[in-house]
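In the two assemblies presented below, subunit A is common to both, partnered first by subunit B and then by subunit C.
And then the complex of A and B:
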């Protein structure tokens, strides 16, 4: 039996962060993961993260994963892969299945960071090949470069469903529709909007009732549901798809905490170990961090992991009380920043919110259709189109924890302030130079640069663009509105793709002036 | 279908192109990628048939949790193809119940 001061179970964002933090203080740490590669789901996250600089905002998930691995390596964290933890028993005896053998490890401290598993919904034919989890789609296209299908139905409009829908489009697949049994879109409006503007329809209060096909999916039948989520007879419609992707939430994988004897609580998000503010469970020296304690974003999981690692280091005598207080207070403050706003854990499931923290009416169109009506946008000062010269139009209308736009602008045009869930505000004095840094920095792809004085009768609209083939200057095409509907002829007049944008091109198109408030996407003429 | 070039990821790092056997047919895939990915790229959807009702099953979770994608690999049944790396010359067989068709 080998002995470690700390054994971390699960090498995802929380586990890696816990191991890194504890190792920084000199703790002898072993990191176990059942997979062949560390990183958990981070390497499938190819979108830019929300938050502020300290939360690694505007950095893509897989790059954060790479950073964490490098840190763990430089701190010489011992990592054991293909190691499946089967149980945690008396006196912290950890039983691990590796290859054909069972090994035992003894730990003074344990961090359980096993993450979560995808939920599923049963329907006729749900077991036919071609019905897959949204995570499976990400694994196929983002890790292995294989398209999950040609034409996909996405079931679920939470952030996973929205982000994966966009990634499917980036992988060259078609998304037939995003449906959700709930009457409102569950994820961030900005994630929905970037999918909607490519022309993907959102069907709320809809569920999938059948996967068609015998040995693989050949279609889907969806239907509208009533207020009790029951399909309404007569509303069935067939969709031509070869893949049905399920994104209906995640459940914590807390079995190990249960086996270890930790006190468990049955919350709305599943059965989770009860933890104190340092993520220690009822069993002294056993911590739990990340999605295993309740589903949140990877950004918060990383901080929770660090707090748990820090607390374990203190327990091991590696951190003095003063140092611990200062460090944990800083981490908790950083976590608190992410836990504000309408999507925070404490507000989850609320349907009674009608306005933003600033008192602007929340867009109902965004919640029901995935895009905003131009009339609704007029309530948001930073989204005003009719200003002289080039200026940002920020279609960010929900209080989500995010502020890279503020740091991106070299001219000080955009301000979010200390509370990062506040909506961005435009400076009345600073002058936009049209550099496009805010357009590419916004993880929600919600910033456009509009210039109604571009040419006589013509306006320019700059938009974020993350698809291939990248249009070129001079290309003729069609401007699409926020719904992906063809609006008018458009010509590409500028394409910027500096390395600093990390793959987000800023594409400027010229459209008739009266279309400046509606043209939000470009489709090349074929 | 394989993605040739991705707007964010560029091209994918792959092992060398190798041949393997699928139910007696020769297919190709990249060494080291999960067997299931090579099959998916080759258009194979059905990995096994269930024991009782003989219903088809394929990739579902793709991370080794659900065990829907198990097949007989080099004679070993119940091999999770979504997390088992492809090697040159592997023999991959559709699983019927818990064995190959001949044995079922």
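And then the complex of A and C:
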């Protein structure tokens, strides 16, 4: 039996971060993962992350995964892949299934970072091919380059459902609708808005009741639900789809913590180990970090993992008390920044919020339809269109922890401030030069550059564009509104795609001046 | 929690429902009707239903179906979901072929 000072179970964002942190301090660390590749879900995440610079904001998830792997490698963390942990016996004896044998490892400390698994909802036909989890859709598209289907129904409007819907569109699939049994969209408004502006309808208070077909999905039947989430007879409608994608939440995979004897809490978010502020469970030396302790974003999981790794290093005698205090305080402060705002864990499920922290009325249209009515936008100073010359129009109207726009602007036009959940504010003095850096940096794709004085009677609207083929200057097409409805003729007048944008092109289209406050997407004429 | 299960209480007869053929445990292909019937045959806990029907004993080891079986049992017993205790996970946490244990290295 081999002995390690730390064994980390699960090589996702939390586990990798824990292993990196502990080995930085010199701990002999082994990282186990049941998959053939490390990284957990990170390598499926092709979108830009939220947060601030220290949280790796505006970096795409898979690049963060690469960074973490390189760090782990340079610190010589031992990694065993295809290693399934079967159980944790007394005195931290870890039983692992590798290849055709069973091995045991002894650990002074353990970090359980096993993540979560997707929830499913049962309905007639949910077991036929073509009903897939959102995670499977991401695996097919983003790891293997395969379209999950041609026309997809997305069930679930949380961030996973929204992000994956957008990725399906990027992969060239059609998304017939995003439905949710809840009466409001669960994920970030900005994620919903970028899906809505391509023309995807959102149907709230709707559920899927049947997958049609015998050996594969040939259609879906959805229905409206009442306030108890029961389908209302007579509201059934058929959708022509070949794939039903389920994104109805995740459940922590906490079995190993329970097997190890950790005290568990059975709550609405699943069964999770009770942890202290350093992520140590009720079993001394056994830590749990990341989604296994309750579902959050990968950015928070990385910090939780680092705190657990640091605490394990302290337990192993590698960190002095004062050094530990300083380092853990910094990490906790960074984590605290992410845990603010209307989508924070503490506010989850709240429906009584009617205003932003700044006192602006929250857009009801955004919560119900996935896009904002122009009238609602007038309440937000940074979203104003009618200003002289070129300037950013920031349609960021919910308090989410994010500030790359502030760092992106070379002219100091945009300010978020210390509290990163504050809405961005435009400087009254700084002059926008129209570089488009903010447009491509915004992980929510919520920033546009508008110039109502572009030409006589014509305005220019610059928007983030992440689809292929990329339109070219001179292309004629149609401007779409926030709902994805055709609005007016538009012409592409500029396309910027510097390497620093990391794939997000900034496409500028010319539209009649009176459309400047509504034109938010471009569709090429075919 | 298990103490809340009152076995002397009459839960009424098994009444067939239109969606009884709905598969709940995909790995072992156990239907909603089978689970409901099992409750009426005296299986009042997740563990009892698991051992009686194998729901939760397949590839996913209950990770997917556990949270689907639980409300069905609860509803049949007239309990809140939280009053039905979840299965206690056991070693091995993942399905493994017995032959691998021949080469167990301690």
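Just so we're on the same page, the second predicted complex is superposed on the first by the 526 of 526 C-alpha atoms of A that agree within 3 Å, B and C clash if a C-alpha of one lies under 4 Å from a C-alpha of the other, contacts with A are read in each partner's own complex, and residues count from 1 in each chain.
As a convention for this text, contacts are C-beta pairs under 8 Å (C-beta built on N, C-alpha and C of every residue); 3 or more make two chains touch, one makes a residue touch a chain.
These numbers were taken from a predicted model, which means no experiment stands behind them.
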Handout entry: First (subunit B), second (subunit C), both or neither touched by A:80
Key = neither
Practice task
Check whether A:119 is in contact with subunit B, with subunit C, with both or with neither, and answer first, second, both or neither.
Solution key: second
Practice task
For A:1, select first, second, both or neither according to whether it touches subunit B, subunit C, the two together, or no partner.
Solution key: second
Problem - Which superposed partner A:97 touches (first subunit B, second subunit C, both, neither) - result: second
Exercise for the section: Applying the touch criterion given at the start, work out whether A:425 contacts subunit B, subunit C, both or neither, answering first, second, both or neither. Expected result: neither
Practice task
In the overlay, answer first, second, both or neither for which of subunit B and subunit C A:221 touches.
Solution key: neither
Exercise for the section: Applying the touch criterion given at the start, work out whether A:34 contacts subunit B, subunit C, both or neither, answering first, second, both or neither. Expected result: both
Handout entry: Touched partner set for A:144, first subunit B, second subunit C, both or neither
Key = first
Exercise for the section: With the two complexes superposed on chain A, say which partner A:385 touches: subunit B (first), subunit C (second), both, or neither. Expected result: neither
Practice task
Once the two structures are superposed, pull the subunit A residues common to the subunit B and subunit C interfaces.
Solution key: 34, 117-118, 127
Exercise for the section: Provide the residue numbers of subunit B that touch subunit A in the complex, in ascending order. Expected result: 1-3, 5-9, 11-12, 14, 33-34, 37, 40-41, 45-47, 55-65, 68, 82-83, 85
Practice task
Could you pull out which subunit C residues touch subunit A in their complex?
Solution key: 19, 22-24, 26, 32, 60-61, 63-64, 67-68, 82, 86, 88-94, 96, 99-101, 103-106
Exercise for the section: Provide the residue numbers of subunit A that touch subunit B in the complex, in ascending order. Expected result: 34-36, 46, 60, 117-118, 127-133, 135-136, 139-142, 144-147, 150, 170-172, 214-216, 466-468, 470, 502-503
Practice task
Give every residue of subunit A touching subunit C within the complex, in rising order.
Solution key: 1, 34, 84-87, 89, 95, 97, 100-104, 117-120, 122-124, 126-127, 251, 253, 255-256, 258-259, 266, 270-271
